[in-house]
Each structure stands twice: as structure tokens, then as C-alpha cells.
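Each structure below is given as C-alpha cells.
The same chain A turns up in both complexes below, where it pairs with chain B and then with chain C.
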Partner chain A sequence: MLKFMIPLVVLIKYSKEWKIVQVGMFFVSFILSLHCYHNFYLFSVGFNLGMDYISYIMIMLSFWVVSLILISSQKVKKLDNFNSMFIMVNIMLLVFLVLTFSSMDYLMFYISFEASLIPTLILILGWGYQPERIQAGIYMLFYTLAFSLPLLVSLLVYYSVSGSLIINLSSSLSGMGYVSKLWYISTVLAFMVKLPMFMFHLWLPKAHVEAPIAGSMILAGVLLKLGGYGLIRVLIMFQENNKEFCWLWVSVSIMGGVYISLVCMRQVDMKSLIAYSSVVHMSLVLCGIVIFSWWGLAGCMILMVGHGLCSSGLFCLANMVYERTGSRSLMVNKGLLTFMPSMGLWWFLLSVSNMASPPSLNLMGEIMLILTMLSWSKLTIFGISLLSFFSASYTLYMYSLSQHGVFYNSLYSCCSGKVNEYLSLFLHWLPLNIMILNSTLVMI
Partner chain B sequence: MTFPISYLFFFLTLLSGTTLSVSSTSWFGAWLGLELNLLSFIPLITTKLCPYLTEAAIKYFLIQALASTILIMSASIFLYAQSISHVMILLSLLLKLGAAPFHFWFPQVTEGLSWPQAFILLTIQKLAPMFLISYLTFSDTLMSIIMFSALLSSLVGALGGLNMMKLRKLMAFSSINHMAWMLVGIYLGDIYWLIYFTFYSFVSGSVIMLLYSTHSFTVSNLLNQSSKSLLLNMFIPMNILSLGGLPPFLGFAPKWIMIQFLSANSMFIPLLVLLTSSLITLYFYLRLFIPLSLLSFSFFISNVKLTSLFSSSYTLLSMSFINIFGILFPIPFMI
Partner chain C sequence: MADGPESVAAIKERAAIKAAIKREYQKQVLNPYRHGSGEGGALFDPALQRFMSMRATQYDFFRPTPKTSLIGTFLIVVPIIGYGLLLKRDKDQFEKKIRTGQVAYADREFKFY
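Coming up: the complex of A and B.
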């Protein structure tokens, strides 16, 4: 793993040179992507770090998203808004994410999981737009921290019970009644907040709305996936308990998904709409994880990658509009098709990917997850059908309200899109729709 | 130089007082050491003729003298009423320490000191009473008093610091909160509170050095620095978060050790209180963190030209560095 970490640390040294860092990031992503065909269960092992298939996919996703962040946040560079510190914070965040995904030890995982919170907080506070970002930042920090301290305690208890915190050596705990249920809840809730599950999602729209584009992209692209990844890792310990609680998570997240997708249709803020839509997608991911089936796990990995690319691309689009019109409101940003006609294609492509159209990864992931849930219980079909219907309709709502109609009168002229922006969107869209050709890459 | 050179003598007697009381075999010797310690801290406080310093010195003297009186009195009735005597000794030591039910003097005295003296008060002055308390862990009554005081000080330290705009008071309350962890450490065993104390001294020392070098006594002082450097703006918030014990920083390490041993002894209720209160303390550390990390320094720049110690001092930089990235070093080498 050091061969990916050291270049990152070296890139911090060049944080004054935006171009070098950007090229360097893509280069490291390229080197990492060369590892996609490997035959071993664990590879790049050393220093308590190592990748298996799930880690590899997540690390690849985080490298890719951070590289795309550097393309999409050119505004920071243009305004000279502390750009070297911006790069430093982003790379630190990436380092912590890579550590989180590649650590083979629960405690190391926990520490870097928490550590990734601080660069995110600095991103939101430092480069956000409104004064409300302070509230959103604190909200996010305390929401996640308050639920993750019990996780630390439960990991240390696990250490004293089983004698090891190595993830690959972890074994299922036999039931101990009451205590183990408390233990289980305190462990998984940290990740459910991060995911976020319905009812624990309140920090997410706030954080997304106040975060700068880089913060939103990394939040939607990678940080939410930390929750899913963590659940995959810790549920090994709690197989018996999870069987008893499975119904709760599945029903809460399916009904919550339906409810949140209705909430989505009432949003006028583009960013918060996209943020709520990621809650909906993540609820499907959660169902796939807790059901404990092979297809569920594979589908959840695929949907996480698909959603990471797709929603980060949508945030990119929302930010491009925001940079031009100075507003994220759907009431102001109407008729963008007359404004930025060629950007309309990208709005269309990313929107349909968000509503799980072929050939996007989202489609494949959702098919697998829906099959998983159906095989678990036939009753879920009501929830699922409502959920996928409404998730298509809110995306349609967002697309049609922003692209169609008469444009806002006080807008006079703007650039309809730069090569750099098209590049960023293309690099979001391409893996999202090409990878289905060889989907074993993102399956496990 | 933070002190006039002539005060080195008092500093040495202060340390020897601590050593004397820690290593003495009788309560009388312990009392003697504590008195020596107290009487040599008073001149260290009053380095200048200034009403604040004098007030702090008087308050400190009165409280400590009261505690010493109780200590020597209850030590002398030891053979006469054994159980009461131990409880009284413990309470007097808690008063000396400024632990929770007896904490009221602590922020006020700290408020009157300047940063180097405050550092001595927050760390070295705690050493002797802490050691003496750790000798008093042989009966259930004493243990439960220690635990009660620990839990109360964790709550007091967390809630008391919430509305503070003055940095020294804030450090005092954070010290009360950290003292709670140390008292729980005494409950568990000697090594735990010693480890915690070492880490706490280091972390708070690094924060205090930063605050001292920027001459800041209130939150607004911190914001109105004329010499805004990027390094300063990154280091101060990170150091403060480290004091709060957020995971990737050094301040997390002692908490981690304590949480591990608390959970191994299945003391979950105290752990719950400690963790909740440390979350609350994190909130008031964040209030220092946020204005510095908002990256908008342009307003309120005062014209006071400070001699910034920051750019030159390597010890400061290296201490902050260890404070931020310390957890990456092998921990056994740090203790």
C-alpha cells in the first residue's frame, strides 16, 4: 500500500502547483487501476494495510473522486482561495480514506474513519459559501462522533473478548442475550449514521447544502460508502445478532426510502435534492448488506460505486449552474436548456443514470438488490416498487424543472460550458456506463 | 525567558516539594512537601506587582493552606479515628487538586495567572496530590469517593467550559475534565493515570505554548492576530482538537488506553459519563477551532505588532508536530 500512500504524501509537497497535483493524482489513479486484474484474496499487504476486492474497489473510487474534485474545483484556483491549503486538505482526506479502506485492523480502521471527518469539516468550514456552514459542520461532526464513540468501546470490548482486532481473523460471536444486542446496536449505529440510514440522515442534507463542491463530491462519492464498507466489515462479528435485527433495518430503510423520495419531490434546492436522493440509494445498499446474501453484497458494492460516480457527477452539474447563476434554487435555474444547450446532454445522461437506466452500474446494482430483497421476503415488493417509481420521478422532476421552461429573466449571458467541465462530467459518466461491460470488476 | 532567572530557585524548591511529598513514608512528610510546594509556587505567581497576580496568589494560598491544615489535622487523628481520618485526607487532597466538588477556586486562580504559571498549575501542581490520592486506594469508601469525584469533575469540566470566552478559564475547565479521566485511572491502577498524565501534560503544554506565543488570553485575541500565518492557523486548531481527544491526534491515545481498560474491567457506566462529557468538551474546543478554520481573516485585524515567536521557535513547531501526528509514532517509545 505504501506505493500509493507515498506518492500522495509527496504530492502534498507540491500543493502550490495545482497542475502537478492534478496530473499526479490521475497518474496514481492510473497506477492503482492497473491492479484491477489480480487473483489473490489479499494483496499489497504490509504495515497492517492490505487490499482485498472490496477495499480495492473503494480505494479506486476514492482516488478517482478526489482526482475529479481537483478538476471540478478550478474555481478555488482561479480565485486564489487558499488553493495550496485546499489541495493539502483534499490529499490528507484521501490519505485517511485510503488508510480506512486498506487497514486490516479494526482499530486502525476506526481511527482513520474518524480522522477523515476532520478534513471534511475543514473543507466545509473553509470553502463553504454561507455562514450556516458552521452549524452544518458542527452538526455533522457531532452526529457522527456521538454515534462512533460507542463503536470504539465495542471494538475494544471485542478485543478483550476475542484477543485480536485483525479484520480477517474476526469470527462470529456466539449470542450472549441482552448484552450482545446492545453491543451489536452500538457497533452498527455508527455506520448507519454514516451511511446514512433513514432517521439518522439529518446531518447529510445540511452538510451537502453548505459544503463546497469538493466537500459534496467527496461526501456523496466516498464518505457515505465508508458506512457501507464498515458494515460489511463489522457484520462478520455479529452474524447471529444481525439475523434477528435484519427485518428492522430492511423495513426502516425501504419505508424510509419511499418517504425520502417523496421528500425529494418537494425540494427546491438542487443540492439538497441530490443529497436526499443519495439517502434513497443508500437505503437500498443497507438492505443489500444486512440481508447477508451473495447477490446482496455484490449488488451493494455495485450500487455504491455507481452512486458514488453518479451523484458526484450530479453535484458537479449543480455546482456548474451555481457558479454561473449564483443560485441553487430550482425556481431560478429554470430553462437551462436554452442557456447551456450542450450541458443538457450531461444533465440527461447523469439523471438517467441516477434513475437506474441501462447501461449504468446503478441499474445492475438495483436489479441485484431488488432480487435480493424479493428473495428475502415477498412483502418488500410494495416498498420496492414505490421506491423505484418515486426515485425515477424525482430525478425526472429535477431534470425537467431545471432544463425545461422559460429561463429566469435576470440572467443575461453565460458560458455554456468549458472543456474542463465537460471533461470532469465525462470522467464521471464513462466508468459509470462502461464498467457494466465487465461488471466482475466491481462485484466481489 | 519566561521567568526572571532568580526565580529558578523557587522552581527548584517547587519540584523538590513535589518529590518530597511523593516519596515520603508518612503523612507528615507528605504535608511538608505539599507546604514547600505551595510556598514556592506563590513567589512564582507574583513575578510582577500586578493586582491580578496578587489576587490569584492570595486565593491559591488560602485554599491550599486550608487543604494542608485539614490534611495535617486528619493525619494527626489517624490513630484515634482511622476511617474518618482517611476520608478527610482524601477530601483535602481533592481540594488541593481542584477536583469536582471542590473545583470552584481552580478556574478563578488560573484566570489570574499568565500562561507559564498556568501550565505549572495545570500539570506539575497536580502531581503530588495525585500521587498521594493513589496511595489512598485501599478501602471501598475511599474508592467510591474517588469515583464519585471523578464522574462529577468530568461533568463539571464539560459543562463549565461551555460558555467561556477566556482561554485560561477554558483550559482550567478542560483540565478539570481531564482530571476526571486521571482519577478514574487512579481507580484502575497507578500506571494508567501516569500515562494519562504524561500525555495530558504534553498536549496541554503544546497548546499553552502556542497560546503563549501568540499572546492570546481570550478567543477574540486569538482571532485578531496581526501575524496570520497559514501554519499558525492550521496548528492552533489541530492542537486544540488534540486536547479534545479527537481520534487521529495524540490526545486520543490516553483516552484510548483508558477506554480499553475501562471496558476490559466492564465499567461501562463511568465510561458512558466520561465519553459523554468529553463530547461536550469537544464542543467548546470546536468553538476555538471554527473561527480559525473559516479562512476569512480579513476583518478585525488589529494594529498591534507582536513579536511572533512562532516562526522562529523550533521547539514549538516540533511539539505541535508531535501533538498532531503523535499517534503515528510507536506509543511505547513516548511514555
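Coming up: the complex of A and C.
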């Protein structure tokens, strides 16, 4: 794994020249993509870091999203807003994310999981736009920290019981009665807050709305998936306990998804709408993980990758509009097809992928997850049908309100669409809609 | 429509104020230097700003009252727990059916998922 970390550290040295870092990040992503060893159980092992196929997918996604961040954040360079520090923070975040996804040890995973919060906080506080970002940063930090301290305790107890914290080498904790339920809850809640599940989702709209485009893209693209990835790794230890509580998580996720999609249709702020739609997608992912069947895990991986690309692309689009009109409100940004028609193509492609239409990865993930939930219990069909329907309706609401109709009268002139913006959107859309043709590339 | 010379004067005065405001708006919106600089943006509308601030700070003004607590409990918590218990009951019945041997191995649904 060091062969991917060393180029990253070298890129920090070139943080003053944006072009070198931008091209270099894509180059490292390319080299990483050549390592697609689907037939191996574990590869690139060394120094307590190693890649499983799940880790490989997530690391690939992290590299890709950070490369796209560096393209989309051109305004930081243009305004000369601490641009070398910006690159350093992003690359540090990527280093921590790669460490998290490739760690073979639970404690190393925990340390890097927490460490990835700090560059995110610096991004939100340093390059965000409104004074509410302080509160948003505090919500994100304290929600995640408060629920992950019990995770640390549970990991240490686990170490003292079974003697090793290496993933897949550990035995299960189920033989301890009521206490194992306590450790199960404390372990699993940390990731449910990160995912986020319905009751603990309050940090997400705040953090997404107040973050700059880089913060939003990395949060929606990769950091939410840390919760999903962590859950997959941790539920191996707790399979017996999981079966007792599965009904609770499925119910909270499905009903929560329905409520949040209803809330989504009331939003006036574009980024807030996309943030709430992230919660809905992740609630489906959570159902798939806790059911823990084969299709559940495969569906959740596909939906995580698809959502990472799609939501990140939608945030890019919202940011492009915000850079031009100075407002995120849907009342100001309407009728965009009138003066940015080429951007309307990307709005359309990413919006229909968001509502899981063919041929996107989101469709495949949702089909697999719906089948998983039905195979688990047929009663889930009520929640799933409402969730799917409302998910399509709020995406349609966002697309047609922002694109169709007459544009807002008081707008001043702005440029239509720059090539680097089209490039970043194209690179979001291409894996999303092409990978369904060979979706075993993103399945476990 | 107009009932008396007094309200005619009032109508004319209101129309004059409205025309003045409209003229001011057109002057600001069609400012060629602002359009030419390519900076973008929109003319600042205080009513829009108040609305967006209201929506953004909605949670800060939330006060827990008996009405809101009841709404929260019965529309959110109770359906979630109720749905969960329904799912649990369904799974427990299914588990009992399997453990007492009422489902033949070849007749399992969802064999490959």
C-alpha cells in the first residue's frame, strides 16, 4: 500500500502548482485502477495495511473524488484563497482515508476514521462561506466523536477478550450475554451516526450546506461511505447480536427515509435538498448492510459508489450555480435552461441517476437492496414503495424547478459554462452510467 | 371604481410611488457596468434574504411545547417502533416455521439471495 501513499506525500511538495497536483492525482488514480485484483482475497499487503476488494473499491472512489475536487475548486486558486494550504488539507484527508480503508487492524481503522474528521473540519471552517459554518463544524465533530468513543471502549474490550484486533482473525463476542448487546450497540451506533441513520442525521444537512464545494464533495462522496464500510467490517464480529436488532435498524431506516424524502420536497435550498437525499440513499444502504445477506452487501457497495459519484456531481452543479448567482435558493436559481442549456444536460443526467433510472449504478444498487429487503421480510414493501416514489418526486422537483420555467428577473450576466466544469461533471457521470455494464467491478 | 375626487388623488399618488420604485429597480437591474464585469450575482432582495434566513434558522426558534412533543411522538417515534415490531413479529413467525420444520428445504423462497 505504500506505493500509493508515497506519491501522495510527494504531491504535497508541489502544493503551490495546481496543475501538477491535478494531473498527478489523476495519474495516481490510473495506477491504482490497474490493481484491480478481483480474484484475490487480500492483496498489496504490508506494514499492517492491505486491500480487500471492498477496500479497493472505496480507495478507488476516494482517489477519484479527490481528483474531481481539485478540478472543481478552481475558484480557490483564482481568488488566491490560501491555495497551497487547500491542496495540503485535501491530500492529508486523502491519506487518512486511504489509511482507513486499507487498515487491517480495528484500532488503526478507528484512529484514521477519527483523524479524517480534522481535515474535513479545517475545510469547512477555512473555506466555507457563511458564519453558520462554525455551528455546522461543531455539530459534525461532536456528533461523530460522542458516538465513537463507545466504539473505542468496545474495541478495547474486544481486544482484551480475544487477544487480537486484526480484522477477520478475530472471534466473536457473542458468548457474554447482556454485555455483548451493550458492546454491539456502542460499536454499531458510531457508524450509524456517520452513515447517517434517520435519528442521528442532524449534522449532515448543516455540514453539507455550510461546507465549500470540496467539503461537500468529499463528505457526500467518501466520508458517508466510511460509515457503511465500517459497519461491514464490524458486523463480522457481532453477527448473532445483529440478528436480534436487525428489525429496529431496518424500521428506523425505512420510515426515516420516507420522512426525510418528504422533508426534502419542502426544501428551498439546493444543497440542503441534495444533502437530505443523501440521507435517503444511505438509509437504503443501512438496510442492506444490517440484513447482511449476499445481495445486501453487494447492493450496498454498488449504491455507495453510485451515490458517491451522483451526489458529488449534484453538489458540483449546485456550486456552479452558486458561483454565478450568489444564492443557493431555488427561487433565484430557476429556469436555468434559458441561459445555461449545456449545463442542463448534466443536470438531467445526474438527476435521473439520483432517482435510480437506468442505466445508472444507483438503479442496480436499489434493485439489489429492494430484493434484499423483500427477501428478508415482505412487509418492508410498504416503506420501500413510499421511499422510492418520493425519491423520484423530490428529484423531479429539484430538476424541474431549477431548470424549467422562466428565469429570475434580477440576475446579472454571468458566463455560461467553463470547460473544466464540464470535464468534472463528465468524469462524475461516466463511471456512474458505464460501470453498470460490468458491475462486478463494484460488487464484493 | 373611483368614488370621489379624494380617492382619485390617492390612486394617482400610489401609482406615482410604484412607478418610482419600478424605475429604481430597472435602473439597478440594467446597470451595464455590473453586467459587463461578468461577476454574476443577483440584485439583493431583502425579502428573499429574510425568507432564506428564516428557513436557515428555523431550528433555533424551535420551542418544545406539549403540541410539538405529541406530534413528534405519535407521528415519528410510534410509527417507527410499531413498524419495527411488525417486522419483528413477521421474522419471528417465519423463524418458528422454519425451526419446527414446516418449510421444506426445496420450497424455500429467495434461495439465492
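Quick notes on this one:
One rule holds in what follows: the second predicted complex is superposed on the first by the 441 of 444 C-alpha atoms of A that agree within 3 Å, B and C clash if a C-alpha of one lies under 4 Å from a C-alpha of the other, contacts with A are read in each partner's own complex, and residues count from 1 in each chain.
Methods note: a contact is a pair of C-beta atoms (placed from the backbone, for glycine too) under 8 Å apart; a residue touches a chain by one contact, two chains touch by 3 or more.
What you see is a predicted model, and the numbers here were worked out from it, not measured in a lab.
In the superposition on chain A, contact is made by A:141 with chain B only, not with chain C. In the superposition on chain A, A:152 makes contact with chain B only, while chain C stays out of contact range.
Of the two partner chains placed by superposition, only chain C is touched by A:383; chain B is not. For chain A, the partner that touches more of its residues is C, with chain B and chain C as the two candidates. Once the two complexes are overlaid on the shared chain, A:112 sits against chain B while remaining clear of chain C.
In the superposition on chain A, A:332 makes contact with chain C only, while chain B stays out of contact range.
Across the two superposed structures, the residue set of chain A contacted by chain B and also by chain C is empty. On the chain A side of its complex with chain B, the touching residues are 81-82, 85, 96, 110-112, 114-115, 118, 121-122, 125-127, 134, 137-138, 141-142, 145-146, 149, 152-153, 156-157, 159-160.
Taken in their complex, chain B has these residues touching chain A: 230, 234, 241, 246-248, 252, 256, 259-260, 263-264, 268, 271, 275, 279, 282-283, 286, 290, 293-295, 327.
By the touch rule above, chain C contacts chain A in their complex via residues 29, 31, 34-36, 38-43, 45, 48, 51-52, 55-56, 76, 79-81, 83-88, 90-91, 94, 109-110, 113.
Taken in their complex, chain A has these residues touching chain C: 132, 198, 246-248, 250-252, 254-256, 259, 268-269, 293-295, 323-327, 329, 331-332, 371-372, 374-380, 383, 408-415.
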